[in-house]
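Written out below as structure tokens is the structure these notes cover.
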Amino acid sequence: MTSTLTPPQALPRKSFGSDNHAAAHPAVLDALASASRGDVTAYGDDPWTERVSAQLSEQFGASGVFFVFNGTAANVLGISLMLRRYQAVICAEGAHLNVDECGAAERIIGCKLLTVPAADGKLTPELVAARLGGRGDEHRSQPAAVAITQATEVGTCYTVEELRRLGDFCHSAGLLVYADGARLANAAAFLGCSLSELAASVDVLSFGGTKNGAMGAEALIVMNPSLLADVPFERKQQMQLASKMRYLAAQFGALLDDQRWLRNARHANAMARRLADGVGGIPGVSLRYPVESNGVFAVLPPDLIEPLQREWNFHVWDAENHVVRWMAAFDTSEDDVDAFVASVRAAAGALTA
Amino acid sequence: MTSTLTPPQALPRKSFGSDNHAAAHPAVLDALASASRGDVTAYGDDPWTERVSAQLSEQFGASGVFFVFNGTAANVLGISLMLRRYQAVICAEGAHLNVDECGAAERIIGCKLLTVPAADGKLTPELVAARLGGRGDEHRSQPAAVAITQATEVGTCYTVEELRRLGDFCHSAGLLVYADGARLANAAAFLGCSLSELAASVDVLSFGGTKNGAMGAEALIVMNPSLLADVPFERKQQMQLASKMRYLAAQFGALLDDQRWLRNARHANAMARRLADGVGGIPGVSLRYPVESNGVFAVLPPDLIEPLQREWNFHVWDAENHVVRWMAAFDTSEDDVDAFVASVRAAAGALTA
Amino acid sequence: MTSTLTPPQALPRKSFGSDNHAAAHPAVLDALASASRGDVTAYGDDPWTERVSAQLSEQFGASGVFFVFNGTAANVLGISLMLRRYQAVICAEGAHLNVDECGAAERIIGCKLLTVPAADGKLTPELVAARLGGRGDEHRSQPAAVAITQATEVGTCYTVEELRRLGDFCHSAGLLVYADGARLANAAAFLGCSLSELAASVDVLSFGGTKNGAMGAEALIVMNPSLLADVPFERKQQMQLASKMRYLAAQFGALLDDQRWLRNARHANAMARRLADGVGGIPGVSLRYPVESNGVFAVLPPDLIEPLQREWNFHVWDAENHVVRWMAAFDTSEDDVDAFVASVRAAAGALTA
Amino acid sequence: MTSTLTPPQALPRKSFGSDNHAAAHPAVLDALASASRGDVTAYGDDPWTERVSAQLSEQFGASGVFFVFNGTAANVLGISLMLRRYQAVICAEGAHLNVDECGAAERIIGCKLLTVPAADGKLTPELVAARLGGRGDEHRSQPAAVAITQATEVGTCYTVEELRRLGDFCHSAGLLVYADGARLANAAAFLGCSLSELAASVDVLSFGGTKNGAMGAEALIVMNPSLLADVPFERKQQMQLASKMRYLAAQFGALLDDQRWLRNARHANAMARRLADGVGGIPGVSLRYPVESNGVFAVLPPDLIEPLQREWNFHVWDAENHVVRWMAAFDTSEDDVDAFVASVRAAAGALTA
């Protein structure tokens, strides 16, 4: 039998398709190897889980920390803690929760998503207020939680002040707040604030490891202590309880070590910034959203998209309006960006010629 | 900040508590490192997933192979493919599905579990037939699938002939068959048969990696092609779609390499056999179930259990009847077993004295 | 077009098949006609609903009363108030909830049913205690409620003292208690106690109208005020909110009037008693359960069942043990019973001859 | 005890709040009385259910007919037949299913609702097509059905040609079609077409009895025979199986008799038309939607709404735009309408004065 270890072929060039196209950070692999020493009890009752959970709890000022396998799971688990069976969650139309999770929230929680068009991906008290009609009316699914994304799906970030304002509004309106933090590190890096500042106004949030350099690990951070009791049972039932939990913890251990999560995020953000700046002057190319994390959303001349996709991996975000998404990762290099920008410039030039 | 990489303390001695107390096999770590080369597209559209899936498909003679995160997920996903909303699955009372998954099947699938007492953990056509009452009656949840476990929760194995007889019965009765193969490798090792022989009579089964030396990976093996179409959507919705899928595939790659899965399972089985033989002559100690995989279920003198647990990690399986469970893993050594047996012998001697 | 009002043919003789084979009580029809005066607002905000709910609340000492369409709905709605998503309800193996509702609890609530074999249909603290293992263990569905049936599916009744003992045990063990009262009236009639005495030890119960002479109406009686807030929303979501609610209320109005519910139940019970006494001396016929409500469970000579079913409508309850069920209704007459007994006697005589 | 039969006070004047504020039609009460003869077997195996189901099947050209308790149930049951667990239904934003059923579809079916803004309440192939993105993509809930309402929530009707065009489009796109026919009779009356013409292009539809003069009964009409097999089980599990089914059937019997359903609907429509015409010339009053069934949606001067509501029962439909809804029922009289119009005129005059 041919060994499966013979390396198969990866993509020939750096991908700008997604920050999850990147491999794991070498330090994550080292941490996994380091955690592979001897026996420990399963399901999280091990020293790695204990230590890393404590570290995360401290950084966030959290009531509890729970590892899960992926971002969809973190979102569904987090929101499931907040809703009774007849309650709804308010979210942006473009939220991953609404668009990219195959209806997991409706299926697993059974809840309605009350969606709001949010131009820049961000909810505001005003947008939330617009979905609060019918409270107390038995004919209506009852809004009880609000889900935001930080950084948003279009790369923008809620400022700490915006979070506070939204959180205050929600809490005074009897709504709990969940934050999808698949790219929370990128938001922290952009805003220059601590994880605890990002978490202060929400009840539960996720802290994404996978897009930050992990192999596959997300942390659910429970701030509101009244939501803690259900988590172990919901996590198990939602099929997110790892038996060899130490390996999820170890991945976060590597990211926490020397603030690697922050360095990774800063680097990815810087590469997105460099890319945005690089394409800035190219005729016909404009930015669709402000670049506040590691993604660049650009409007391209329609005829430029396909030629560029033949060379590089990236997604068309909004075909109708010729918007593309370019993501930078922790391991995107300046050379990768410069080569990519050069391709855009060349393709644009070819078009004009 | 103190580095999280400073190794925390693992258990002081080999655990007989569970085969998931073991660390990952070094070859699995190597495979992860090996897969960490360059960018690939996410969600399984990568060469590692493609190659390892193809290998598994070939070994099982499968229609499709899908990686998931843990055993509960494999069970729920597999069974969800078989049931309409008002249908039920027949399983043994002691099935992991029924006892150890926090009601995930009822919650996620919404189905009823029609349980059957099964003395040695194994279902038979007769036991299944006993739960087929009320078919066609709208007042009854309609049995449409049967879930077995191979090897069972009490360490016994269905022979290929038993599988065939059960499978034939079920299929002729309009029932699909799912096999929970969290320890399928151990069954194959004990029975001396191929994976395809174990899979021939079932419609969907899981192939457990985690207890065989993986870090955390299970494969759902779909034999019946009519059940394939739903899998991608159900997997995503059930929060089991890994973005960096190559790392799940790579774990199985390492296990498939040179039939490491089989060697691991054979070794674990041999250690269980050695343990069972070792305690064989000790007064007051008897075996509760035949040792057909990597677990030993022993009846102990009641006063022996606690002293032994102070020294060694293992579970009391049935407190009322003084049954304990001792699990061997791929990395349990002869010395571990011999030291454990010596402890049992000494403790039993101290009791008698 | 032929008028649909031309009376189709009903069963030729009184049915002993079920108390829901009976037509509605004439007073119920009168009440419906009486409620058909003018417009009222929908969904329960009408004077009939208000008045009848208040009457029921007073009789039960309830926190709230909610009408639903059928018994399965009352059970599912009632239990859904008590369980978080990962919690389970303990019930008798033979409970309607477990056997006759097509898995509605698992589907609609998503909960596990922890079943207990109960020889005479009644749970005891000891039987409940036996299913309390694994509390606090995230791998186990967590028991949080106990569902009993009063009168039970086999016609027996919990005494007020048994209810108190069971209720006290459950509450001290952190379990809520639900009572399926599809035949609560028959229990009250047998026990000679008030509705409030029957309800005092439970948190939620149903009060069955349909089998007592209604056309189709059940009342969910919420005793525990902490469970009230969810009811309106759960009822609507569970598709049990009648727009012309006055017609459900009016049916109960007729049953409450002059304690018609009690007179109906007493009569049905008396007819069952008469039937049991009548077949008492017939050779080969014995009673399987004590006759404590309106059902008679008899063991018959196997060859007697079929001939009798050719003449009369009734169900075989347990084919293996030749147990049949004979139900009396509010409108079963002494002549019906006597004719039925005569048939049994004749058929038995023919067998012996 | 005071008799509950003492008539409580109904609304003092005819309500324009909803067609379900009306009492049942006297013929419906007669039919219930007529069905109250003797015993019949339960759950629909009775001559009334058989006969009325056959009549409905014939009129619709249906594969099967199933009675349920209310409109939400008909919608959820009907759509549940069409969707696998990961599939979605496309509907208008304003659909009852989306707005007024407390999230029952999400809770009971677990599906996502893909909503479409529909100016006049009606879907078109173009609107449906706009929600078909992401088919085959495991990250997206998969659209598999389209739900329309006939007559719509704003009183408009799909013409037979519009139904055909939409049905053809959906079927060619692999989408099943469900029609919420809570007011199907009103659509048939307006369009002057048969029930079978209204049903020809859809797979399942409901035929509303309650708003047409029944006490509380809806019929689920299954046109597509491939969807039949699940209905009995889904209906039971969804808590919609009436034990004394004859009383649901009898209500429809009364409505079918001499086409009472059509006469009732024509009358209600005519009263809405009379009302619309009556307010036509009043300054400041305009119609928001074409009057094509039994509802009038009018834009009023803001200050006119409250005074009018003090005299008459009706709903504000859209507070922001001062739109009110006035519903006529089968028993709304010309005098009721004329008195109402006079009130509007007087109030409007008072405003102007």
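Every chain is named by a letter (A, B, C and D) in the order it is written, and numbering of its residues begins at 1.
In this text, a residue touches a chain if its C-beta (ideal position, glycine included) is under 8 Å from a C-beta of that chain, and two chains touch if they have at least 3 such contacts.
Predicted, not measured: the structure shown is a model, and the values here were computed from it.
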Of A-C and B-C, the pair with more C-beta contacts is B-C
Let me check something: if the centre of a chain is the mean of its CA atoms, which chain is farthest from subunit B? D
Report, in whole Å, the distance between the mean C-alpha point of subunit A and the mean C-alpha point of subunit B. 32
Cα centroid separation between subunit A and subunit C, in whole Å? 51
Based only on mean CA positions, could you tell me how far subunit B sits from subunit C in angstrom? 43
Multi-chain touching residues of subunit C, meaning two or more other chains, are 85-86, 101-103, 107-108, 110, 138-139, 142, 233, 236-237, 241
Which residues of subunit C touch subunit D in the complex? 1, 3-5, 7-11, 13-15, 17-18, 20-24, 26, 29-42, 46-48, 50-52, 55, 69-73, 76, 101-104, 107-108, 210, 215-216, 233, 236-244, 247-248, 250, 253-254, 256-259, 313
Touching subunit B in the complex, subunit C uses residues 85-86, 88, 99-103, 106-108, 110-113, 138-142
Per the touch rule, the subunit A residues reaching subunit C in their complex are 43, 80, 84-86, 110, 138-139, 142, 230, 232-237, 241
